[in-house]
Structures are given as structure tokens and as C-alpha cells.
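The letters A, B, C, D, E and F name the chains in turn, as written, and every chain counts its residues from 1.
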């Protein structure tokens, strides 16, 4: 059997895959990514973030809300119930590491929800810090873990 | 004057910046990024993409639509008219390069719109190709150009 | 000059057309359509609609709200301010006529907004009446007038 | 028993019907419609569509995405999981035929999802071809099949 | 055990609570609230509302639609199927009483859906009556009943 | 001239008012409201809020984002550019006071945007504190100031 793109039918046309025959299972995904910044930006973030938390809290909320809208953003994604979403940050010397988990009890995996949460959290950090840093880069957005049981 | 995050007020609280005093100007932004994939995935993409175009067309539409929803996704972004958005792809041996431009005649820049278009186009490609490639990474999402006149 | 689709670039790829060079003008569009129904359905609608108006009011609200979301629904439409939207109905013997107007002071026309309002108002009527009529058809959705000045 | 509109309560007021007592079943709907165009427009569509597919691919994506947002557009529709959505086109001499299917395993049917997909796909085609054809009409949007098991 | 906010993790960070271990149950909530107005406004509302019903019908639709979007508006709410939503009004001498019920068969309660329906119905009434009454106040928005079985 | 509801036409039907003839002006609105809670809840909020700020930051973001979606939530509101939105909290002994400002340079006022921000911020606080306090009430949501120049 040849490898093929599941979202294309036999004529090469886009479609939402039929998942009605798949079992309802506990499915969890963990995605990560990073926003690379100048060290001075991150020192400023740490100074602002520790007393009040607003910068990271805003980015966390944005990531969680984006996960819930994944099926609106990614055209061929299925709308899914989400039993849990979380977004975490680690501020390193030259980057903010971002980690998101999503969890469903459903018929398809939630890797796109976790990846979307990471991407939108990174974009939100970028937006809030762009006045002081013109050279930021979002890097390494990828899936770390996908499990079902 | 000390550098500061424009989206935090003097108490460190998040806010939408007041842009009512800024001039209405032609503003354009260009962002880029890449989805790194296995070469076999990209050979498959090229084979599927060339006759029908659905894979790249779906990702292009997703990026354009996401640009229009930037203010919903990024909490402190201003809602903006958008006079033009475009998303382009170049399929290389080991990655798909993604480039997006956004254009407004308004009071704030559109870098977040261009970056959001790149990110969501990348996520959409990831979604359509994930059945054949488990190791893809979104990399190098950054602003290349921002102009106003 | 050959006729061409404005939403395709020279490579045949979809794009949002650049309207930044177009003048800001008063632009209005009027679209119409009809939901064809069994006469018994329309007698029931008239009986229900006259005292309370909820059926037509719900469809009117749905059409107005859809007009405001046209740029989210139609991928290559520009987001626009809308200065006015209205949706009207005439209940005939075998159909409900639907008429919608949209008005902007902007750089592109609002025919898609008016057509979207008609279509979603028709779908909403269909939804509310489908329990009693299995053979309804949405017909004749078209633009009647487009003006700018 | 007299026929009545299920979305009106005994006082004639709109409501979302209570479906909590209905069985979770496999439910599928198929809707069709057409965009009537000038023959010259369709010759242009075929010429553009065959090499790149962007016009039809954009309309297909728009229809699929609209199906997922049916409960936002149609006020009294229930939010539903959707296990599959597809949109297909046949380009005839004087019209584009549009066919959409929607599938859920849930407590209510998906005819509105299929009809919404057809309508928004038709509107999207209209938008992309309106620069070359001022007389297009959306016609015959109706339900062809509804099944549950 | 000390009382704690369920939406904060052990580090005080916001999260969507994991509800995957909770049973799927029939859950219903009833919320109420009021829009306090000048008596003259309410006499005008009654005069307008009784023949046509549009004012209350528009507010009812707005409340029902908002209930369906609760998870988009309230960042840490779970997306939920909703089997039923209703919004009712009683026009008193100095206020409009608003009552909303929401019903799910799911893993979390629907009190936020009912409260959101009341709040948005009140805001919609406010919007439609603000031209004649500058002193309206939304008051007493609270949960009256929450049940599961 | 008799007072009348501006959102009803001469037949009592809902409509979006035509604002195309109104001048583009600087318009600002300030709305307030309160979430009444048990004193123990507020002591817990203060303890949690001060070190990390996540509870209030989440509610602030939710209010700002809701202001941007006012025209989607309130059916007859006009979509508007928003040049600034802010949401503030004061934690009192028995309530959280909420204050929101919205600002546009446009053709209609932004009181609904400010009131929507207050309401959704209050609902978000309610959601996060409902596990420890079953008797909270949203009260006194009203417009404090509306100016144009």
C-alpha cells in the first residue's frame, strides 16, 4: 500500500476524513515550541512577569482559547469536545519555551489542538513584546507526544 | 527612557494600546516561516499538489482567513480593515517555505496578521500531511519586512 | 484584454484582491431570493407569524448577523464596516420572498454581504419549518442592484 | 394532531428544541444546489480550474468550514460533532452543480449542515466569478437525502 | 482541605480543568437577571412588543446564540454539546425579568451557558432601548438552579 | 415627536440603523458593574491574585476580547474599529468592581462595547470562583460616561 494524504480523496480533492467508524477513546497530545528573543527582552519579561504575571497569563489564555477554535482555523479538522487544555511557559536566557497539552475523549486525536495552542501562545507573546524586540522568531513547533487508551 | 512593553500599563496590567492618535497610513507587512518535513513527504506533496493543487490551496485559504481573524486570536490586537492578504508557498527538498503579506490603510501595523497567516497555513499543511510524516516541525516564523507610508 | 477572475493571480492561485487603491465610496447592494414551500406550510407560517412574529424575526436576525460575518464565511472577501443591513420578507402563496440590503462607506462593494444575508435568512426559515415541510427549495438568490456614489 | 413548527413553543416563541431524549444515532444528509452562470464564465472556470484547482478548492473549503459553523449561523440549530463533511462540484454548460454531505453520530439530523455547506460554497463561487459575470443565480438548494440508523 | 479556585493549578496559573474523569450526566441550569428601565420605556416596549414581538424575539435569539458560544467567551469553559437552550422574558412595571435555561448531557455543568444567555439577552435589550432610556441597569444576574441526574 | 426604538422600523421590525450619514468622531464610553461575592471568596481571590494575577488577568483578557466581538453578540450592533479597550478591577470587601472603557473613531458610540466588556469580565470571574462560592450575583452593570468630540 502506498502512503497517501488522508485528507485527499481518490481525485486529489480536499475532504474532512470520515471518523464515524473510529472508537471513542481517551486521547492526549503534547506539543512544544519556542519564541526566540533577545536576552534583554527576556530580562524585561521576567521583571514584568514575576510580580503581575499578566504577559504570560494573557498568552496562556490566548493559547487555551485557540485550542478550542482549532476546527475553525484548520479547515479539515473535526470539531471535538475538549476535556482539558493547558499551556505552560519556561523563560530561558534566549527564548521562552512553550508547552501545551490537549485532551479529548473522542474519535480523533488532538495534536492539532495542542500545536495550535503553542502557535497562538507564541504569536501572543510576540505581539506583546514586539515593541522592544524586532528580531523574534517562532521556532521548533512540533508534537512531542500523542497517546490514546 | 527605559524600554517597556507597550501592552502593559504602569501597573503591569494588560491592555489594548490606544492608537486613536496615530495617523491612518498605508501599512504592509511580510512574514515568512517553514514547515520542515521528510523528503518523501514533499515528493508526495509535489505529486499530489501539481495536478490538483488542493493541498496548497487549502493551506492558502486557511492562512488568509486566519489573517482576518487575528484580532480574535491575539487578545490585545486591534481589529483592522485589511485591504489585501496573500499567502505563498515554495516546496523545497526538505521543507515548505511559507510567505504571507498583509496590507492595511489604518492606524496600526499588520505584522501580527502576516505572522498569523504564516502560522495557520503551516498548521494546516501539518494537519493534511501528518498521516504520512510524524516528525514535521514549524520553524523560523518571523517578520521580514514592515513598511508604512 | 481577456476577461479573468480577479481572485486568481497570474499563476491561478487564490488571493484577496488589493483594494487599497480604490476610493472610499458609499456603496449599497440589494439581493433577493426565495424559499419555495408547500402552501400549507405558508398558511401555518402566516398564522404563527402574525401574532408573535418570532419566525420571521429570528430569520431576520440571522440574516443581519450573517451579513456581518461575510468575510469569515467567504474566504476572499474583505472585512468591511457595515453602516446598515436590513432583511425583509414577503409571504406569498407558495414561497417566502427574501430581500436584503447592505450598505458600506468603504473600498469594496457589499453584494456578498447582501447575498449572504438572503442565503442565511432562507436557511433559517428552512430550519424552523422543516418539521412540517420536507420539500422546500431555496431559489433565485441573486443580486438586484449595486450602486456606489 | 395538528402540524406545528417545532421551534416555537406553545406561546409562539422561538426556542432550541430539547433533543436530550433522542437516541444517539448515525445520521447523514445530502444536499444539492446550483450556481447558474453564463457559459463563457464556465469555460473560463474550466480553463482556470483544471490546471490549478484553486477556484473549486477555495469554494470546497468554504463549504466545509461553513458546515462546522452551522449552529453559529442558524440560531436554533444545535451544536453537533461532525464526523465527516464533503463538498463536490460538477461544472455543466450553464451551471455549477454543488453537492454536500454531512455526517454525525448524534441526537439530531445534519440537514442544515449539508444545506449550509452548499449555500456557502455557492456564495464563494459567486464571489470569485462576479468580476466576469453579473447575472449569476443560486438555485435549487434543497435536501436530497436524510438517513439515520 | 482548604477551599481553592479550581481553575488555578498549584502554581496559581489559569487552566481548563480536566473533566475527562467525570461521568456523562444530564445537567440543567436555570439563571435569571433583570434589566431595570424607566416605566415609560417599558410601556413603549409593551406597545411595540405585543403586536410584532421583534424586540423580545431579537433578544431571545441573541441569548440563545450566546449560550452556544460560551466556551469562546469565557476562557476556561469547556466546549459542550447543548441539547436545549431557552430564554424567557417577563415585562414588569420597572424592569424586564430574564430567565434562561440550558441543558446538556455531558461532563460539566451548564451554569455559565445559562448566565451568558441572560447577560447577552439583557445587553441586547439595552442596545435596542438605549435611544429612549439612558439610565438602564443590568441587575441580579445569578444562578437559580443547577441539577444533574 | 414621539420617543421610539431606533432599532425598529415603521412596521416594528428589527433592523440595523443606517449610520452612514453620521460624522466620524472620537467616541468613548465607560461602563461599570460588580460581582457580589462572599467575603471569604474575595479573601481567597486577593491571596491568589496578588502573587500571580492570573484570575484578574484572565477576566481582563476575556472582557477585552468580548468588546471586540460585540457586533457578533448583539445582533443590531454595527461592526466598529476599536482604537482602545481597557478593563479594570477593584477588589472590595464584598464585591469586585469592574470598569471598562472603549474608544473608537467612528460613526456610532461604543457603549455596547464597554458594557459587553464588563459583563463578560464578570462572567469570567464568576466561572473561576464558582467552585468556592455558590451565591455570586452580577449587579449594577450600567453606562457611566459617553462622550464624543
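By definition in this document, a contact is a pair of C-beta atoms (placed from the backbone, for glycine too) under 8 Å apart; a residue touches a chain by one contact, two chains touch by 3 or more.
Please read these numbers as outputs of a predicted model, since none were measured by experiment.
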Interchain contact steps from chain B to chain E (minimum; 1 if touching): 2
Intersection of contact partners for chain C and chain E: D, F
Whole-Å separation of chain centres (CA-atom averages), chain A against chain B: 15
Gap in Å, rounded to a whole number, between the CA centres of chain E and chain D: 30
Between chain D and chain F, centroid-to-centroid distance (C-alpha), Å: 35
Multi-partner residues of chain D (at least 2 other chains): 12-14, 52-54, 57-58, 60-62, 65, 69, 75-76, 80-81
Interchain pairs in contact, sorted by label: A-B, A-D, A-E, A-F, B-C, B-D, B-F, C-D, C-E, C-F, D-E, E-F
Complex contacts: residues of chain F adjacent to chain C: 9, 12-20, 71-72, 75-76, 78-81, 106-107
In the complex, chain F residues that touch chain E: 3-8, 11-14, 33, 40, 44-45, 48, 51-52, 54-55, 57-58, 61-62, 65-66, 69, 73-77, 111-112, 115-116, 119-120, 122-124, 126-132, 134-143
Of chain F, residues touching chain A in the complex: 52-54, 57-58, 60-62, 65
Residue ranges of chain B in contact with chain C within the complex: 26, 53, 57, 60-61, 64-65, 68-69, 80-86, 88, 103, 105
